[in-house]
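Take a look at the following structure, please.
We call the chains A, B, C, D and E, going by the order they appear; numbering starts again at 1 in every chain.
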């Protein structure tokens, strides 16, 4: 890249849209512990890019994706984000999974006034002017999950999570909710990301005699947790687990013999009905294989590319500020149903769904919010949540 | 070139430092874009860690697989100060209110508001920890693979500890979003350059210090301890102390490197101090040449640069290339890249008609690990 | 009370897993001084072997049994290849093996990702191994854990007997202790090295099969537990199988007890502190072999 | 450091390994300036005795060097009291040059400040030792590449510069040729007087030439003690050690 | 011809220690190699057994070229070697040190017994780990270990170093009788001229890696050898 172009950072880097293509960045872990999840997200983004290009591109320009490997290492995410912005001069970046990686890149996007689309459910309590959050915030996933448990008459829960910012913050919210709603939290345990020894935690869960478990474990740990859970004689009937980070892909790798009957809270399942989803699932399987499931973060990532396209076209420009300005009210007929960008928070309206894992490994919806829920990252609309942020 | 090898070693060293200064202070800033220069600043921080490892491992035989710990201590000490400075007098860093739900600053954070304390701590804290652990471990003659595995476990334990204290350490996130550096705005490219120059200067100064140490009597004694610790004891030295000096100095360097890394990159997190980065530090040293003075610097920069360059060019397959590089260099070039020069020289000599072999200087035995 | 008993068994079973993984290291690291960081990837190879076998042998129980010897052979063969290509050049600089095999482990992880995909894969366990045996009121223990415990006991017994009482065992030990002298005593050192590495790596493969019952099967499954396994060998005393056995169970127990009272993270840190303290008392591990040489 | 040689006074020295008693209540007095030879069958406990005195193995009893009790101190502290030793199999710093080996041996008392500077000229005592041990022309060669015999010489050289006042030499001339033994013996003669020397040796020829007094150890106990002639004539010593070879005592005799 | 070393150049790394050495050992005879410290005697034996690959030259054993064979194959063919410096497998017991060599060898058990006859002192030490033995005990163990293979050619590097006088005499007797009775050939490196020359049928003097004089053994050769050594 030219030196002057790269150095022009004080006022933000302008994307290079001089040719007949527009570059976008794909920032996911292709190696390390998070590759397990993030590779599928990259695949979904690539699918959207190809579809859009086949349909003529964005503002007449074909999208040229530039991939970088975040390597499951947060500082590397920051380095690669800066590279995509300054060297490749991409118009937008799609990616990141863990909240830790998002926290690492956030200052980079803010400093350079560049756009990130973040496709994973997260803990809320954040709002960056340069990030669009296309996954669920807490009131679109965790709170509905708790409401569901309450509706089922559960009086006590045990909290199990990975030791990082998303589960810890989520559990803080859960505890606030529990206190206000007469739910007892009988214990709270964390395992480091990647940890696979759950003997003690499961013993503690079992001894607590809680009526349900709220699970915010991420990645590999889920496999070990559910195998241990079943071995300890705990079942979906005796003590159901509500998980917020296992989707179809994870179900597939844990094994239905360990999971049948357990609950998940998401905004999308492969089985979600609707023409948009049928098309998405079909296209995905055609490209990546019939045995590859689609999942919520993949769908959110796929949607984010379309949302960006719609924003750009509404703004008539790739310019970041103009695109941001055009965001409010942009809609897309997504696989999960209609989604709408909330310009004020840069989150999107999403439908909340509780699903039950079936014997065939697919998740079927047992409850939904009836329509898109307005995003409320700071839980301002919930009285029990005052003091959280 | 022949003249160079015969030159007075001090003169040669002086020339070398001059050359290094020209490269770091003139050539690099002129040729590189701001983004690449900031990456170089990061690599140079790793190089500072590597200089210390070169001393402790290359000379002293202490395979320390936990330098990330000291890097982290220095980095966190600096980042804590900068976070407090960013927050402003009397305020708490943003993440604490958010995730820690703390009403006031934890007591152990408070002193870091003082810039002098924080600066001193970046170097002294790692040295202190190294001193504590080293005194225990060396005095009881834990060494070789034992020491290597133990130091590795230390890095793992430190990471777990940091991650578990999210409210006060930032957990896995680490301390991010650092904006100012003693009053200078780090967003400003001019100030980023200043940070680069500081790092380059510190690296050169530490190289000079290390060279002096390596060539001193202490340097010889350190090699003696590496070769035969027990024998040194019978000469009236306590080898634990000899090792301790190298270990503590290396820890101090790693701490300083961590402290400088923070303004250069704007983040410090457990991901930078665990087992993987700690091993990568050591591999950089091995790739460059563990026993040479400049080997570790070259290796650290080469390995970090290769990681960036390879992963940019081959995002899907770069780990093959990285792994292969580690394997090939360490297995087949035990002296590291620094020994290439010697190999080339030897090849050239080999084509010269052989002088009577008996008179030739005896070859240095391969540095045993 | 039942909780305490349950935790005791958890400790034992953590110990059994640690030991199963450390057993191969006790050979390659303990006997041969090779710090094989790719040991975790050999475990991974064993697990993927189970997965691949299940594609053809659909009976979960049968495929698990068949997987044990085949995984042993697969991982063992990988070990032999590694020994032949790299390790044999490094016997004079044992600490360098750590760095070289680290590079190998990076490559093997990527290879697994390219062959099997980045996401984890799933194997089915025979139903009996996903259930638990009830021991009265609230106490039940997982059958998979019992299976692993049995497997470990068998493996330890076989390995101990082989090392202590067979000519091969003598040869393995002799070659490490004085390579040149072994060669001039008529021992084909190269072959003994390869055989030792075969067995050590093969045991990793067996561990991989067992781990499919407990945890994820994916490209990074080997990295998490490997440091703990090295600690077991170090604290047990390098070259001392009985040390590894005792230490694995003691560490497992300590981990389980402390974790029950505190958290997983705190338990890990406390275990580490305990190890440092222990090495203050016994710097060469639980069992040591002294010699009179100064080396 | 005072320059007067001290004597060695051992009382009731006992070393046991897992039930096996290697040194079993030895009393031994070596007068200041003496050259005492310690002989006895393989496994008699000679090396173990030296190990005990230099702090390498735990022992009970007492070992006084001058006024100082040696037992129970750490190895490097004993060395600083002026006790130096060599090893039955040479132990050198193989990756350092001959000169560096000697310089390190000379330097245990150096101040930190001196340690942190580089060596200027070759110190006098080191230069002298280099000449004495005949390695002056190999001073910049790595010690690891010396031949077996040369290594032994270097070890003796290190003792010289270490300024030890009690020298404990474990088979110092093993593997040396006849001429070199002579030279070594003469060297020992020179350094004794202001130093006290204890030599372990199996070479009877060497012993006859250079010993002033002899102690014979057998199965961890003192079997016999006296002048060379007295000890050689002792039937118990002939029985367990020298052999009944008529005429010249076995191999070494031929070189006399 | 049991052993023939022809024009061997060998050394370590870049340095050459042996400069075209020729040495032969006839069937059933003892050949002594004498020389100062550092002359290259041990290097010569290392080249003969195969621990060191010659840079040039050949090693013939029983008429066959063994230059490229690894040590264990040479041992299998009938060579044995006792290195200098009382080497052993320190963590194996004395018994295991011996058993190791007897393993899988026909008549191994008996060979072990007869090797032990030579060193009765080892009997009481069978269960002690070799690394704990005294120097002399280790040396006796080393010689016994070499004899268990019932070699045709024995390479001895200063076998009497560190051994008590009456045992030295026994070793001398053993070497002589084995060479005489069993047809064993011996290449002996020894500093004790008396022993060496009494035992040897031929001797070679090695100086700085070159053979500078040779001759028939026997005590009568001593003046000539001394002269060669002092030059």
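The definition used in the following text is that a contact is a pair of C-beta atoms (placed from the backbone, for glycine too) under 8 Å apart; a residue touches a chain by one contact, two chains touch by 3 or more.
The structure presented is a predicted model; accordingly, all values stated were derived computationally and were not measured.
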With one step meaning two chains touch, work out the least steps from chain A to chain D. 2
To reach chain E from chain C by way of touching chains, what is the minimum number of steps? 1
Among the chains, which one keeps its Cα centre farthest from the Cα centre of chain E? A
Nearest whole angstrom, what separates the Cα centre of chain B from the Cα centre of chain E? 50
Euclidean distance of C-alpha centroids - chain A vs chain B, Å: 37
Quick one: chain C and chain D, Cα centre-to-centre, how many Å? 47
Would you mind pulling out the distance in Å between where the CA atoms of chain D average out and where those of chain E do? 28
Two or more other chains in contact with one residue: find those residues in chain B. 160, 163-164, 228, 230-231, 319, 362, 365, 368
I need the residues of chain D touching at least two other chains; which ones are they? 47, 87, 89, 91, 145
If you look at chain C, which of its residues touch at least two other chains? 109-110, 263, 265, 268, 292-294
Help me check something: in the complex, which residues belonging to chain C touch chain B? 29, 33, 35, 86, 89-90, 92-96, 98-100, 102-107, 109-111, 114, 227, 230-231, 234, 238, 263, 265-266, 268-269, 272-273, 275-276, 279-280, 283-285, 294-295
So in the complex, which bits of chain C are touching chain E? 167, 170-171, 173-174, 177-178, 180-190, 239, 289-293
Can you check the complex and tell me which residues of chain A touch chain C? 30-33, 35-40, 163, 189-192, 194-197, 199-201, 203-204, 206-207, 220, 223-224, 227-228, 230-233, 249-250, 252-255, 257-258
In their shared complex, chain A is touched by residues of chain C numbered 3, 6-7, 10, 13-14, 17, 109-110, 113, 117-125, 127, 130-132, 134, 138, 140, 142-145, 213-221, 223-225, 255-256, 259-260, 263-265, 267-268
Can you tell me which positions in chain E touch chain C when the two form their complex? 49-51, 70-72, 75-76, 80-81, 83, 87-92, 96, 99-101, 103-104, 129, 131-132, 145, 149
